[in-house]
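Have a look at the structure below before the remarks.
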Amino acid sequence: MKYKKPNRSWRATLHEVIYGTRTPAGKWFDIILLIVIVYSVIVVMLESVPRFDERYHEFFNISEWVVTILFTIEYVLRIVCIKRPRNYIFSFFGMVDLLSTIPKYLSFFFVGTQYFTAFRALRLLRIFRILKLVRYTGASNNLVRALNSSKRKISIFIFFVLVVSLILGTVMYLVEGPEHGFNSIPHSVYWTIVTLTTVGYGDISPETGLGQFLATFIMIIGYGIIAVPTGIVSAEYASAREKIKQDEGRCCQNCGTEVLREDAVYCRKCGEKLEEIIS
Amino acid sequence: MKYKKPNRSWRATLHEVIYGTRTPAGKWFDIILLIVIVYSVIVVMLESVPRFDERYHEFFNISEWVVTILFTIEYVLRIVCIKRPRNYIFSFFGMVDLLSTIPKYLSFFFVGTQYFTAFRALRLLRIFRILKLVRYTGASNNLVRALNSSKRKISIFIFFVLVVSLILGTVMYLVEGPEHGFNSIPHSVYWTIVTLTTVGYGDISPETGLGQFLATFIMIIGYGIIAVPTGIVSAEYASAREKIKQDEGRCCQNCGTEVLREDAVYCRKCGEKLEEIIS
Amino acid sequence: MKYKKPNRSWRATLHEVIYGTRTPAGKWFDIILLIVIVYSVIVVMLESVPRFDERYHEFFNISEWVVTILFTIEYVLRIVCIKRPRNYIFSFFGMVDLLSTIPKYLSFFFVGTQYFTAFRALRLLRIFRILKLVRYTGASNNLVRALNSSKRKISIFIFFVLVVSLILGTVMYLVEGPEHGFNSIPHSVYWTIVTLTTVGYGDISPETGLGQFLATFIMIIGYGIIAVPTGIVSAEYASAREKIKQDEGRCCQNCGTEVLREDAVYCRKCGEKLEEIIS
Amino acid sequence: MKYKKPNRSWRATLHEVIYGTRTPAGKWFDIILLIVIVYSVIVVMLESVPRFDERYHEFFNISEWVVTILFTIEYVLRIVCIKRPRNYIFSFFGMVDLLSTIPKYLSFFFVGTQYFTAFRALRLLRIFRILKLVRYTGASNNLVRALNSSKRKISIFIFFVLVVSLILGTVMYLVEGPEHGFNSIPHSVYWTIVTLTTVGYGDISPETGLGQFLATFIMIIGYGIIAVPTGIVSAEYASAREKIKQDEGRCCQNCGTEVLREDAVYCRKCGEKLEEIIS
């Protein structure tokens, strides 16, 4: 970052402000950005409440346009000042940033698309980067690792649960039938999953004696199997926790790539200078 | 498998296609089979939805007959080309394969039996064999082991919970009575289990002060005891996880018997040549 | 048990049959007893269902009287043939056995007391003794130990949850008020516990915006704290599991006292000869 | 505490009675205090039940005034007899003690404030001090430590769950819409959290096929993620449990500050003489 051509210096400054977090300007940029995101999400939510929309429709509409235009400018600047725009555009946050602006423009042509701007909520995840919580990232990585290693086992388990739900749902459909609210097999499978996961809305509930007996059976199974993913995550997390003690995870503050070598100074993916770990 | 009589060679080829998964033909057979199963399960589910059934009744009926005949042919071929048909017929998948065809034939004589074809969903479990996921099988075994060793403890626990439910259900029946929806002791026991497992439909809920006080008590018990199976599975899984590291489980791709000796080449139960482990 | 007076020999035989489980007669006595208990519990449950009671009222009544008289005789014989009746009478099973007979006799004087015979269900716990599952007892002890050592922590935790429920229930009462179903503070506390334990009947649910916001907050707290008893039991169970490996728990088959010394031959509490452990 | 000025001796005696728990007078003071608190909380709760309030309104009102005045006297005495009143006033229990008296006085001016006296329930937490359960405090500390070290991870997790709820809630709002009870995005987010936490009131439930399919998806996610905080607490608790074995936590009986040095005799914060640990 030392020997740059003069005409790129404004880009470097911009990069420092937008992507960086160590200069006061960079910190303020991120804090203001976060406030705007929160404000924008609240506006979208309140806009959907008829009571508020009637009264403040104009205000909400203008607010959203202002925010959308700000986000569009920010998106363009982000692309302009980064060295490899492609890395940003196709990254998770790049996609989210784009999706945060498009729906509002589409609302010119299609009714209702403005609600999709609620996807802006995903921008809130940027908070992890903004707070630049290396320690938080570490804790997060810890979780991510445990979830990664239990991913396969849990997906097998969920697949198995789905097959069991299909069978039990069909049995309940045959036992209770459309006259007790189990209108069809898909509806009955929906009920089975509602029961197995112990959500239990009660919009459909068994009414015949046999149906209630089977439901009891399903609930006890659900009771037993809710223990399985928990057991898996517990064990994997405990194991990941042991490992993490040795190597507190560090990530590039620019592209989020995990830093593998402890003595690394620049990111191996995007070349960004890495921040020191605050223990 | 080297010195076979000429008249058995077509059987060997068929066996390779149907049971094997290493030849391209075997892989395609399994993939097509899986697609047909998924298609068939979807048809059975949609058939039960009145809206779809009215419109596409003929199409659904023909689809099911085609699938049923295909499954029947497959079932016969499976018996023909295997060396010891009995092993297959009385295996879990053998039973499932039979149950996948029978209900449709029975629908000639009994109304409603066609829905039992939903048991075909169990054939989806074949996916584990098809994906030939030795690693998945390993993970699955890991789970299976943990569940096996916690089986006894969990069943004692569930038995205990059932006895407690009987008592609490009776008490609630005496407190609330039929005038508040607790029509009978079995119905009241059903409510108790709905509450203890934290499903909570709300189709029946206590209305008297004393009943609600007791319900609160039952809920807190349920809160406490939901921890027990989870604790058991966590501990057993963590222990099974330690063991599994040393011996990644291998299973026979034909009959599913677990391979005990690492240097085994043929299955000790059905004589099938075992596949190598892909680490 | 060798040098007994002649007039006590019939008692010894009776004791062998009723309390013992190693002679064929003793085994049969226990199995028949268990069948009678199960039969009796089913009769009490079905009697409470109006549909069945109308049709089979006489049959149910006679059945219960027969069972009650049988249980009374058994109870008297148990007292007669044991060396120290007091130990039995005031033991858990002694109380349960008495409670299994009294309600039916009381039904002469008070209407509805016959339902209390459902407490007979507690006699089902005798199954652990009947199956004489030393290994089961071991597993059970394992659980019992984990629960014992986590008892104090969980009760502190539940006390804390109750105090929090009182506060949150009051807040919800003030926010929602009687016009939205939160009729009184006790009722509102009931709702809070229904929510915190994730049971969620839906008989009462917040209707104002602020109420729903607070409910969301309560649910997320509940989500977090459901983890606490589970975590405690997991850790305690894992620890008890380590210990139990060394000393598989043995219990006296007469009074249930835990056998502490491995070389014990007679129970240190009731003097009953202990059974050998079947590994 | 040996060389005190004569005029402070009555304060010392009072301090011994109010804050101390080793003299008979101190014990009785605490026990009576606890009984009054429990009585007071019950009165507030029953007062809110219209049925009871109609009949016993006068009695409840007088009871509360008596309790409020007693608490006010106690509060003043607590301030008078302690050496550093500020430590007490701004401590957790100091605030709670103040909040226990104020609402009743405010009820002169504002209607409904008397219900805030339910915050007295927080005074029940004083039971831990009263029982002077050093061992309980130890167990509690154990929990507190596990919760402290998992706090950060769980809050990240909850933040993540909230963002996911925002997104899923918006999707459900677009799919189901106000005509099926999903009146607005905040309402829909409320439903999503009700579902994710497996509470499932059923006041709102998806009615369209697509909505039910998505709900199934959300439930299974909820099923998976309920495992995460549990896994975290389990692992952290197991780890805290190991540590706690070595240093059973001691707290100052006056201000609750944790005693760090095993040989400490006076509290490092308030100077109170520490009690010996009863092992």
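Residue numbering begins at 1 within each chain, and the chains themselves are lettered A, B, C and D in the order written.
Just so it is clear, contacts are C-beta pairs under 8 Å (C-beta built on N, C-alpha and C of every residue); 3 or more make two chains touch, one makes a residue touch a chain.
It should be emphasised that the depicted structure is a prediction, and the values quoted were computed from it without experimental measurement.
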>> Keeping to the contact definition above, tell me which chains border both subunit A and subunit D.
In response: B, C
> Which one of B-D, A-D or A-C makes the same contacts as A-B, at least in over half of the residue pairs?
Replying inline: A-D
>> Can you work out the whole-Å distance between the CA centroids of subunit B and subunit D?
In response: 45
>> How many angstrom lie between the centres of subunit C and subunit D, each centre taken as the mean Cα position?
In response: 32
> So which bits of subunit B are touching at least two other chains?
Replying inline: 186-187, 189, 198-202, 226, 230, 232, 234-235, 238
> What is the shape of the graph in which nodes denote protein chains and edges denote touching chain pairs (line, ring, star, complete, other)?
Replying inline: complete
> Along subunit B, where are the residues that touch subunit D in the complex?
Replying inline: 198-202, 230, 234
>> Help me check something: in the complex, which residues belonging to subunit D touch subunit A?
In response: 152-153, 156-157, 159-160, 163, 166-167, 170, 173-174, 178, 183-187, 189, 195, 198-202, 205, 209, 212-213, 215-216, 219-220, 222-224, 226-228, 230-232, 234-235, 238-239
> Can you list the residues on subunit D that touch subunit C in the complex?
Replying inline: 41, 44-46, 48-50, 112, 115-116, 118-119, 121-122, 124-125, 127-128, 135-136, 139-140, 142-143, 146-147, 154, 158, 161, 186-187, 189-190, 193-194, 197-203, 226, 229-230, 232-238, 241
